[in-house]
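What follows is chain A paired twice: with chain B in the first complex and chain C in the second.
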Partner chain A sequence: MSNAVDSGHRLAHEMGFISRLRRIAAMRETALVLIILALFIAMSFASPYFLTWLNMRAMAMAFAVEGIVVVGMCVLLISGGIDLSVGSIVTFSMVLAGWLFLQGVDPWTASAIAIVACAAVGAAMGYCVTKIGLHHFIVSLAFMVIFRGVCLLITQGRPLGLFTLPAEFKFIGQGSIGAIPVVIILFFVIVVAFDFLLRRSTVFRKVFYTGSNEKAAAYSGIRTKKVIFLSTVLCSTMCGIAGVIYMARFSSAPPYFGLGMELNVIAAVVIGGASLQGGTGTILGAILGVILLSVVTSSLALLDVSSYWQDIIRGSILLIAVIFDHYMNKKKAAS
Partner chain B sequence: MKYVNLKSLVASAVMALSLSSVTAISADAGESKFACEPGETYIMNVMVSGHPYWVPVFQGYKQAGEAMGCKVIFSGTPDYDITKQIASFEQDLAKRPAGILLHPMNADPFIEPINRAIEGGTTVVTFAADSPKSNRVSYITSDNLAEAKYAADEIAGLMDHKGKFAVLENPGQSNHDLRITAFLSYMEKHYPNMKLVGRQATNQDATKAYTSVSSMLQAHPDLGALWIPEAGSAEGAVQAVLEAKAKVIIMHADISPVTREHIKAGNIHQALSPNQGMQGYMGFMLTFMAKHPDLIDPFNDYKRTGFNPMGVPFVDNGFAVVTKANADDFDLGAYMKNRSAN
Partner chain C sequence: MCSQTLLKISKVSKSFGATKALKAVDFDLLKGEIHALAGENGAGKSTLMNIIDGILQPDSGDIYINEEKVTISSPAEAQKLGIGFVHQEIALCPDISVAENIFMAQTNASKSLLMNYSNLHDRAREVFAKLSPIDPATMVRELSISNQQLVEIAKALTLDCQILILDEPTAALTEKEAQILFGIMKSLAATGISIIYISHRMVEIFDNCDRVSVFRDGAHITTDFVKDITPDDVVNSMVGRVITDLYPPKQTTEEKSEEIIFEACNYNETSWFRDISFALKKGEILGFSGLIGAGRSEIAKGICGLEGDVTGELKLDNVTLSINSYQDSIANGIVYLSEDRKGDGVFLDMSIAANISALDVDRVSTSAGFIDKDQELSQARELGDRLNLKRGHITHSVSSLSGGNQQKVAIAKMLSIKPRIIFLDEPTRGVDVGAKSEIHKILRDLSREGVGIIVISSELPELIGLCDRVLVIREGTIGGEVTGDAMTEENIMHLASIAQSDPILMQTAQGGRA
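Let's look at the complex of A and B:
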């Protein structure tokens, strides 16, 4: 009798293990990790420079700060929104903090003001979406244009030279702890924190429910407008943080910074498994999407492939990801 | 072809010839130091890599590099995006090249990457735009002040030293800024009856330039002249002038296949084209020399202070005035026939 129970438990345990394995195998993150690993292996044979610290650093530095914006965009896309203004808001953060610094404000205070200002911009966008009832796409498009203009107005069209920023402030953009750049550490901390929150926190689960089916979520007692509002504010705040880090990294605030950033960021999140319809996505997936794009760009550069191919290949990866999503959604709906 | 600053061009040519002679002589002796080790690689990194301006520059770079047995690579980003250019620069560094000839989109953001490259053993020389606060070894460009002075004298002369003029600009790119600020201050100082009525940032964008110039012509139908620091904006500006059927003297720096056609058609008065071939050729020589400072033992304090004895702060590659008469000599398509772009 006890033998039968034991073997029953074992069978149930094995079945559970197998189903967990199946679930992991079906996850977008697993596919991305495998693709990235395959690229790493192939490239380590193709180029002697690929698996070097210098190249790993170059790849990480290329996506680290943009990756912080990706985190914000990922949460917003899951909630069912979208933000086309990220490039302009990142630039606004740089320009505002830089301008305040040049007016004599301490750079830390200037940065804090800039981040709060970006959060306020997000709140204004969120208000237009949730209170007035406008679509995120149009609202963020308008804010993209408005804040590019604000940046030009503040700078009078010229990059602000911030070479005199104090060394301790530049450290967040240019310094290293041991061999690891501070930018990468900041990126890592933000990613881990938000990935944990999105998976474990009940507050962030509401983002998924709202994005999956706003009406159903509202009927179940979730204040969906508040969720969408806060997701919009979060995305703009992340832009503010990224802008301040960029300013410290480049010692400059050019008004034309971040043109086209929204496309890179949205592409990374979608490749990482987030749906443009909302309701699905993970921070890990989005970051793997950014890493994949960065590894592809790096590989092509190391193989001396013309830079024109990079856009074609990145666009193709995005298209494949969207087609894959479409196929999976249809399959899910059919079952 | 009318070269304005023959002096500097001749100096550059003499320098190049001297180096070539040394190469040849030493090669005969079988122990040339003016040659690369196997695999020694030099990269030219730019932004907006599809711009035709880079093509003759890279041809010059390649001709010098290949003559010395070096590997040369064209690199950069197709976008007008500082993060992408810095990412491409850092990617280049991962290949551990001997040197990079760099056109930095903005000066200050490149300070740290350039300094890190030099610390890592890759020499960096800037061309056509500079990062003066970095530790780059040399900077090669055409004399932007001379270009601005020439353009101001030409425009004022054609307008009998009186009338309205406007400028388009591309703030933040050092060479373009110089072309504009020097032009305006020279005009103000030498031609007080010439009145500036428009100054618009069009950032190398033909569409923006078209819109800006159309608006300027609405506000000032008697606009007499336009000075533009690059060819992209000139393409849009000339279209606006043609559609308005206005009579505006257009002068611009650099040259593109489109503006060359407009010069031939008489729609653009002149273009001031930096000598791109020499910019690339001498750019390579400067980068190579900076990588091989042991080739020289100069009479100065370089050993005590540790600066690169091959460092030349500034080299002028000269510029040409492109007119209706010589525009055919600037046909990029004809030049590139039977040449490889990479």
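Let's look at the complex of A and C:
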């Protein structure tokens, strides 16, 4: 009994309000929220259009679908992997579902097939990595190129026009519930679910163990190959889901969609605090990363900054985030 | 021995943030002496050596070489001054040859455009002639850890140095290789080279060194000629208190039980070991001894289903088990603590609590598969307190702990599943004297509670002090067993190193068993 009281006291002490506040203040997510808020305030003075419902909605739509891919990439980076093929796989999903629809398949079935096909592509990559023993980077680079080719092959190089998609299906990408677009609701549900799972579920804890130290994880009885395999499959599956939503949103499936998406997605996850060495990262951070990039892009457009500048600025943000991390880690190691 | 002072450190201080790593330290090194440096981890030895090697800069204080004040701004500068440093951690390039590794510095400094490989190999062979027969053309990755350590030493020997710093060079060496190294150290000293020798092993210090300096909490405590003092004096200065019992008391006669809790029968593995059978009795601590590469760790890993193509029969509490993977092993409460703590023992960047629950996260989870944070934290606190873990917040990362406390986290991880049998591979490697003694006591307490403890160690005094019985592994088989008064370093070394084809020696060794 006295033991329980003891540990209760200690708990109260350790989780004291001040120390909890301090921990929250030290978190990466807090810094990102503050930066985004500062941008919001600055932009609302700089441009009368910025804080309008229309602009907010457009910005949210811009990052929502990509945000789903970010969730998958975040898990994969934590496990210690990386996937350069996301842009191609998203497009593959769009193109495959669209082509099946044009062949007369019901769009829901077509979408389900496309998502499963993407999962299978992920499984193939996972097989190359865990069974053959190749590196994620190279495997996904190869798949990125291969599946861009597959998309071109399916579409014969021309965008597939899908204006005949039924309204119920287009609703996923274009409709709203109340004032809120369905896309944003979907995004929100996926993000909240995965953020919670990543923080609390035992399954995703194993992803952290594996990414943090694969050998120590194996020596703790964790089937690390399986964890890496499933993380790879998850990332590709999220691409599949995102692709289907994009198709519903645009009523079209262009084979050259999503070029350079992988860089944007990886940048967002890293800005959100994940490490390419694996073992660290949060969904919330990654999503804040993608929001930050999106707000910056939108702000630059509103400020009439030449689009040539946008890449330079976004790249610099990534560089600053990484340099910041580097010094924080050094400081931590020295203390 | 000539008594001219070669290196003199005067009032050197160094702080990292708020931590004072060195507090106005004095130190002097005579020409041609072997000077041992002893102290617990964090005592300031490494900081001082890093200052001498130019890796770190002192905040204040002076360094003199041959009575001339010097500033050592970088390792390259240190090399020019004739200082060579063999680090404890191996820092070789695995994919290039031994010779190229040894002469990396010279190649870097060389003005010629092309590599002269045959010259490199000849010179490397010359160095190894004194050391150990390693082919200079071998890729470093193909060498065993002990041979890699020898390459590190060879590398330092080729530098034309007057001061050689060796940081725990024997940690990964076999007894025989260590003796060869001591021979080389002595001949180098005889030619006037001064050696600073860092070690935790009192025997090595007292057998091979001229003087010993003890550091504690960043301060220089004493420097004595080893002939004037005893190992106990050194240990007491290191910890700053008198350690009466280095090891916990062993099983008493009354405590001895014939009840067998764990039995391994006829274990074989295709390349590492064969005919391994042994039993563990309730309440005893069993030791595995043997030379590095004899198969000690492989046997433990094989039994736990971690590694290898293994056959054999296992009984726990007289029930036959079938173990095909480490997952099976954990489910039956048989766990293995790795010898390589940082490499595969702990998750350095994860929290103490998450480390401790890694072996079976389900224990601190709800049935739906979600981690119960409160339960995870309280489990970590409870086990941490039990092992006297010195820590900050339980959610801080393991990298914030000292080596000894990291090892306690690794042990707490084992205890989290309430194990029946624990294999501990080098449980106190790189752990300071105080924490070492605590870990030994924990192991003894566990064995009293009925947990089967099997300790693998290269440190003979540890096995002899801690274990009730020691099995000696030789070339993948059990070469013999020692217990009671027969547990001496000589008997164990004998069993570990003699060839089976030498019947007379075998008999003597067997005789030592009785």
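Everything below uses one rule, namely that the second predicted complex is superposed on the first by the 319 of 335 C-alpha atoms of A that agree within 3 Å, B and C clash if a C-alpha of one lies under 4 Å from a C-alpha of the other, contacts with A are read in each partner's own complex, and residues count from 1 in each chain.
Keep in mind that, in the parts below, a contact is a pair of C-beta atoms (placed from the backbone, for glycine too) under 8 Å apart; a residue touches a chain by one contact, two chains touch by 3 or more.
Bear in mind the structure is a predicted one, so any value in this text is a computation, not a measurement.
Engineer: Overlaying on chain A: chain B and chain C, fit or clash?
Structural biologist: Because the two structures are overlaid on the shared chain, the partners are seen to fit without clashing.
Engineer: Taking the superposition on A as described, I'd like to know which of chain B and chain C A:A301 touches: first, second, both or neither.
Structural biologist: Once the two structures are laid over each other on A, A:A301 reaches chain B alone.
Engineer: Check the residue A:Q103 against both partner chains and state whether it touches chain B (first), chain C (second), both, or neither.
Structural biologist: After superposing on A, A:Q103 lies clear of both chain B and chain C.
Engineer: Would you check which partner chain A:S252 touches, where first means chain B only, second means chain C only, and both and neither mean what they say?
Structural biologist: The answer is first: A:S252 touches chain B but not chain C.
Engineer: Quick check for you: in the superposed arrangement, does A:N213 touch first (chain B), second (chain C), both or neither?
Structural biologist: Once the two structures are laid over each other on A, A:N213 reaches chain C alone.
Engineer: Should A:G279 be classified as contacting the first partner (chain B), the second (chain C), both, or neither?
Structural biologist: A:G279 contacts chain C only, not chain B.
Engineer: Going by the contact rule set out at the top, does A:R223 touch chain B (first), chain C (second), both, or neither?
Structural biologist: It touches chain C, and chain B stays clear.
Engineer: Could you let me know whether more residues of chain A are touched by chain B or by chain C?
Structural biologist: With both complexes superposed on chain A, more residues of chain A are touched by B.
Engineer: Give me, in Å and rounded to a whole number, the least C-alpha distance separating chain B from chain C in the superposition.
Structural biologist: 37
Engineer: If you lay the two complexes on top of each other, which residues of chain A touch chain B in one and chain C in the other?
Structural biologist: No residue sits in both footprints.
Engineer: Show which residues of chain B lie in contact with chain A when the two form their complex.
Structural biologist: My answer: residues 49-50, 73, 75-83, 86-88, 90-96, 106-109, 111-112, 120, 133, 169, 171-172, 177, 201, 203, 342.
Engineer: Name, in rising order, each residue of chain A that touches chain B in their complex.
Structural biologist: That would be residues 49-50, 52, 54-55, 57-59, 61-62, 65-66, 152, 156-159, 161-163, 174, 246, 249-252, 254-260, 297-298, 301-302, 304, 306-308, 310-311 of chain A.
Engineer: Name, in rising order, each residue of chain A that touches chain C in their complex.
Structural biologist: 7, 10-11, 14, 19, 200-203, 205-206, 208-209, 212-213, 215-223, 279-280, 332-335
Engineer: Could you pull out which chain C residues touch chain A in their complex?
Structural biologist: 16-17, 306, 326-327, 329-330, 336, 338, 343-350, 354, 358-362, 365, 369-371, 373-374, 377-378, 381-382, 393-394, 397, 399-400, 413
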